[in-house]
Amino acid sequence: MPKYYKRRSKKMGLPPGSLVHIGQPKSGRASVSLMDYDEKHFQEKTIDNVDECIPFKDKPSVTWINVDGVHEVDMLDRLGRAYGLHPLVLEDIANTDQRPKMDDLGDYIYLVAKMIYAKEKDDGLVTEQVSLVLGANYVLSFQEGIEGDVFNPIRERIRTDKGQIRKRGTDYLVYSLLDAVVDSYFAILERMGEKIESLEAELVSHPTPRTLHALQDLKKEMVFLRKSVWPLREVISGLERAQSPLIRPSTFVYLRDVYDHSIQVIDTLETFRDMLSGMLDIYLSSMSNRINSVMKVLTIIATIFMPLTFIAGVYGMNFKHMPELEWRRGYPLVMGLMALVGLSMLGYFKHKRWF
Amino acid sequence: MPKYYKRRSKKMGLPPGSLVHIGQPKSGRASVSLMDYDEKHFQEKTIDNVDECIPFKDKPSVTWINVDGVHEVDMLDRLGRAYGLHPLVLEDIANTDQRPKMDDLGDYIYLVAKMIYAKEKDDGLVTEQVSLVLGANYVLSFQEGIEGDVFNPIRERIRTDKGQIRKRGTDYLVYSLLDAVVDSYFAILERMGEKIESLEAELVSHPTPRTLHALQDLKKEMVFLRKSVWPLREVISGLERAQSPLIRPSTFVYLRDVYDHSIQVIDTLETFRDMLSGMLDIYLSSMSNRINSVMKVLTIIATIFMPLTFIAGVYGMNFKHMPELEWRRGYPLVMGLMALVGLSMLGYFKHKRWF
Amino acid sequence: MPKYYKRRSKKMGLPPGSLVHIGQPKSGRASVSLMDYDEKHFQEKTIDNVDECIPFKDKPSVTWINVDGVHEVDMLDRLGRAYGLHPLVLEDIANTDQRPKMDDLGDYIYLVAKMIYAKEKDDGLVTEQVSLVLGANYVLSFQEGIEGDVFNPIRERIRTDKGQIRKRGTDYLVYSLLDAVVDSYFAILERMGEKIESLEAELVSHPTPRTLHALQDLKKEMVFLRKSVWPLREVISGLERAQSPLIRPSTFVYLRDVYDHSIQVIDTLETFRDMLSGMLDIYLSSMSNRINSVMKVLTIIATIFMPLTFIAGVYGMNFKHMPELEWRRGYPLVMGLMALVGLSMLGYFKHKRWF
Amino acid sequence: MPKYYKRRSKKMGLPPGSLVHIGQPKSGRASVSLMDYDEKHFQEKTIDNVDECIPFKDKPSVTWINVDGVHEVDMLDRLGRAYGLHPLVLEDIANTDQRPKMDDLGDYIYLVAKMIYAKEKDDGLVTEQVSLVLGANYVLSFQEGIEGDVFNPIRERIRTDKGQIRKRGTDYLVYSLLDAVVDSYFAILERMGEKIESLEAELVSHPTPRTLHALQDLKKEMVFLRKSVWPLREVISGLERAQSPLIRPSTFVYLRDVYDHSIQVIDTLETFRDMLSGMLDIYLSSMSNRINSVMKVLTIIATIFMPLTFIAGVYGMNFKHMPELEWRRGYPLVMGLMALVGLSMLGYFKHKRWF
Amino acid sequence: MPKYYKRRSKKMGLPPGSLVHIGQPKSGRASVSLMDYDEKHFQEKTIDNVDECIPFKDKPSVTWINVDGVHEVDMLDRLGRAYGLHPLVLEDIANTDQRPKMDDLGDYIYLVAKMIYAKEKDDGLVTEQVSLVLGANYVLSFQEGIEGDVFNPIRERIRTDKGQIRKRGTDYLVYSLLDAVVDSYFAILERMGEKIESLEAELVSHPTPRTLHALQDLKKEMVFLRKSVWPLREVISGLERAQSPLIRPSTFVYLRDVYDHSIQVIDTLETFRDMLSGMLDIYLSSMSNRINSVMKVLTIIATIFMPLTFIAGVYGMNFKHMPELEWRRGYPLVMGLMALVGLSMLGYFKHKRWF
């Protein structure tokens, strides 16, 4: 399974609006749940047949339909028809390789965002695309069906009527969902920050090629996160600028808040990136530092023993007439000479601060 | 044949609007085909004489004339006159070294895009320029005449009346052609992604200078693709902003869709670029890592054997008076000393974690 | 305690507007002080119970309430209600991990800025978030409660009626506070400039890996400062562009002055960054320079003594028939040959300017 | 003669509008030629005395006066007065160190562009400044007087009434001149492309420091070309935006064409730059690759012969009691041991894939 | 004395508008000179007491008051009051650590620019801040009082009524002053260009670490110059956009001219920067080139003499039974073997093109 892209090629040549699931192949069934609420009443049900959703379309209360799994294109198709979604929007929902974006289609606004989870055992990040359709009195959310989402606290708030969520409309619900998505990025940032710190410590104490690979993996994760956050920021600011009647001005202050959070995420990512590039510099220079110190050991040894071995070699020559060989004190004198040479070499290196 | 540019110099000094073919020299004849359709009828024919196209100019149905091979400038000239194209537009059509662009000339819109195919046997990409002329009831498309194009699925859709294509006008046809071009980029991206992954594996297991060259080749391909996609993105967004009566507002949602796809391509390219630069860092550091480990082997060997050879040299000296030489245990004692020196050196390197 | 981020995750899932303190955990109580003044009168008091502040809300004179410590969320909540602050604003005040920003909420303007202090003993910078609420006749300022702030000279000016501060309104007070914050950055810049100079001297005389770490630490501090100043610049220019009735045109010239100061800080930071990157280049090249000079010592020694040792080895061979060994002048001749070889090697290195 | 700038300093302190020639000192006289044409008639003459040009000023036909050599400031001055040029424009014409630019002075438009020629023998590029003054019925062009220009084909077209040039006005003539300038850049690009290819081949087969210098020279040439093309692009787009009555809307399509060409030049330059930086990476890594392989040879030799020499040294010791020395098979046994050690070392390096 | 910043910290806590001199401490007195002129009359005097300037304020002729030395804050204060300058403007005049900027205060325009001089003996650049106040019929200029300025030619032109300066108003005078400042940058650029050329030659012939330091110093100077020119460019273009009645439209063409000059300076600086970065690449690669060639010498020597020394060592062994030792031709044969080994090693290196 390729890692860096999703097989889009199977769609080549199909007419636009063809519903084809692009993404991780899934086997299980998609699950659909529905919440319908206003300040007074609250109803929650699990949907088996999509047609059960149709009656809610025209109820004035807020209806939130969450679809977990976009691989069942038939079901998507029926739901899309029921809520009057454009074929291209349905196509985008089924394609999990979207960039976060916002399309204002008049009757409804279509949004794409990315939830990001850390995989266990520290090997990378998992992304799950979430598509939101904001209508006047309904919100549709579509997830890839990966286990778990970040929306449970919102469900809980709706159920227990905590905060303002039951008093406000669909735009506030969509804001809450986006806020939950952006909040989840902070958890990823914390995890990255911890990794950076531990890598920094490792870099100072005992850098290995493994450290470099960990640095690069972290960099890739940051690119990954960046790709999700940058366009999301534009999506959020676009919601305010859209001047759609679907978004009440009283929601603007909330959108600005989640916008600030997304800026904060981007800011932190930039800081992390600066740190990583500084760490890479340190790594590379510690590499040449190590070559340097290995070289010094070699040079010290060679510089001391080569002259000594030479001297020993001279007195190992077999010339008939070598007067020193006959001297009584020849041997100790030469040994003394050798000690002198060796020590002066050591002194030279000491002077040069090589050790 | 130069690789990185096409010989434009043969045009130097000619007056503007001179029809000169710039590009790979071709020998075969250009082939021209025509499709004429509306919701009710459909007609397809192969054109031998360009004059056959003239009667279609004023028919209200959509006429799509596809020219395969822009090296026959006479034919271009006659077709251009028949459809009232500006001489500069014809000059641009014959020049296959164009940058993707859009010119709104009032009666028609002129577009340039690039189709990109992967060469077989993995050696690079091939580009084919496609010029589109969007009129009120006709679309002219000009290709370089390289074998194969990405428009066959569209032809099939027109023939079999699949999707909306027969129900909509020339702007939808042009959208479909652009969409096919952009879709073909995804195939190139998949191929690049696969190469990146295999290079990444190679980089971890056994990087060689060949890996670096493959990295650089990939980088060049990316520059190549980038040069085609960036301006195409502007072309597409320009179509919407142009506010030309030739493009109906109902087509805008489709243009925005293909615009999103082009952004997606650019985004993926940027990600790939980040990855490649990370891989280059890894490559370079693995190089100095290797120098480092070679140095260590040398240093260990030299540091162990130089002192030992020195000791052996000392007892190979020919002094008359060297008491050790007379000792019964002299030889085994010296051998023991040597073992001691060698082992303590090894211990030192073990301590320094050199192996 | 993590260094590069603050634990935001404890807020995940809470409804927006939940008052949760994010930042360094504090134990002491928050302290609140109040100043009320106009051209004629001046009153200063320490507040024990936040309700004491309420009567000042509708007084026409300027009221400045300074809160030192935002961890007491109950107190924040009561003060916020008294002055009609939006729950999201209160949430932001309690969250010390904000980016400098400005929100115009109609009745009041909410500002976030960062005070930066140098830690003693040269280990890094400390940041303290300051939130300002600018109302028509009141200014609320919230600090994290770290010891010391940069507002004392302003308090003194108010007390002693020095300068124009008592004659002007809340907008001038907010300007004065922002000016004090930006002024404090200059002190940090001076400290950085001194460090850069001492590192530069160190780099020329005896660069060590420690120098590189100091460089990187300085770089991190600059990233840190940058993160505070860049957005502050936008905040200040936003105040002028906001066209809020809360800011009188006569204050614009002051805002432009502090804006110029913030540009000055950014400019100096950019210059410092260029310097640091130049210093990094010098460091890295001095590293390979040193490898180079170590290599030269090794090569000189080896190149001189290897041939000499070889010659000695030749005359240490035990062949029966080696005529030179019998010569009277054999030994001095060989010694002369050795001297010749050694000196010519030295001459070669001299010629190559190796020493 | 300095290479990277022209001595502007001799103008310091002079009042603005002082006519001082800045550029290569010239000795020969400047030559002036005049063409006067409309659809019906054509006249060409060589001008000896600038006053001969004056009668043409008010003729309705198009007059093109070309001055070859701007060092004769007196002549410039008289011509400038005759055609009512602003002193600052004359000053700019005489200063050959201008950046391409456009000034709309109402009655006329002043343009600066750069012609670029390749020097023979492959040593760099030569630039020649061309100043154009576009009036209602005259065009003045000023060149530095370097031999040869790129305008001959245009002269020929005027003489032979080829193309549209005689039917159109001064704006079309200026367009033609600019088009000729931009076309000449393509020749430079081809030359650069060829150099890049040959350097690329050199880099793969046998990179030398000379290759690096050639890379850097090419880079300098690109900076040089870039400096001429980037501002020229703005000049051309400025002509269209200027909304001057001197430029008829019917000329816009031609200006857009030459604008597209200038973009094409810039695009190709960017591609070349990316390639050069990739080649630099390859060069640097091939350098450390080579250090690596030199190191390996050294290490292999040392690792094989140091242990062997040690063994030989052991049996060269002069101990009285060394039993192996007395053995009949001592010598062949030791030689076998040496072969074993040597071969196992070789096997180790083979295993490590060092050769 | 710190080099990279000026002690601003002594202003911390002071109310805005406090007149504090920031910059190099000066001891001498400031000197003030006055010129008053129109087309008819001219008057020049040296001012001892600032009050002498007051009568000139309301004269319709142009009055230019030049203050050399801004450390005498009392004098500044009195002059400022006389001409109605805002306290913040006076504060900025006394602070020589300003960024070039323009403030339009209605009655007058305040400008800051930087004069740059090359220090003698080639050690760096000196900057002198010049503040200009452009009123309807007066111009105030404030310099730091460093010896010499670039305004003498303008004074001379006024005295001798050369050029247009006496016929035009205060805006033309300010333009002339700015033009003189920008012109002085060209002298600095020439000096830099000469240094770059000599460094380039040094780099090719014998690069040393000193070359690198010179490169870095040059880079710092460029950063320095850049910091003065970039904002000045904005100042000049701001003057035109300001639409102040103080600047007549007839002066625009002059402002555009000096604007072009500032662009030219920036352009040349960018070119220099590209060159320096290319030179740094060459330096670094020449470093590793040199390591490479040192390594080769070592490897060649070791590879030749290690095997030879080993062979000599073998025949230096003391085995009883070594038949070769008894051979008549043993010695010459072994010497021949050694020559063979040595020469084949040399041949190998020749083949590898190592020398």
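For reference, chains read A, B, C, D and E in written order, and residue numbers begin at 1 within each chain.
Criterion: contacts are C-beta pairs under 8 Å (C-beta built on N, C-alpha and C of every residue); 3 or more make two chains touch, one makes a residue touch a chain.
Not measured: the values here are computed from a predicted model.
Chains that touch both subunit A and subunit D: B.
Counted as hops between touching chains, the shortest connection from subunit C to subunit D is 2.
For the pair subunit C and subunit E, the distance between mean C-alpha positions equals 26 Å. Distance between subunit A and subunit E, defined via averaged C-alpha coordinates, is recorded as 42 Å. In subunit B, the residues touching two or more other chains are 284, 288, 291, 295, 298, 302, 306, 309, 313, 316-318, 322. Shown here, the protein chains touch around one cycle, each chain meeting exactly two partners.
A single ring links the chains, and its order as traced from subunit A towards subunit C is A, C, E, D, B. In the complex of the two chains, the subunit B residues touching subunit A come out as 150, 152-153, 156-157, 162-165, 176, 179-180, 183-184, 186-187, 189-190, 193-194, 196-197, 204, 253-254, 256-257, 260, 263-264, 267-268, 271-272, 274-275, 278, 281-282, 284-286, 288-289, 291-292, 295-296, 298-299, 302-303, 306-307, 309-310, 313-314, 316-322, 353-354. Within the complex formed with subunit A, the residues of subunit C that make contact are 2-5, 7-9, 11-17, 86, 88, 91-92, 97-99, 101, 103, 105, 206, 209, 212-213, 216, 219-220, 223, 227, 280, 283-284, 287-288, 290-291, 294-295, 297-298, 301-302, 305-306, 308-309, 312-313, 315-318, 322, 324-328, 330-331, 334-335, 338.
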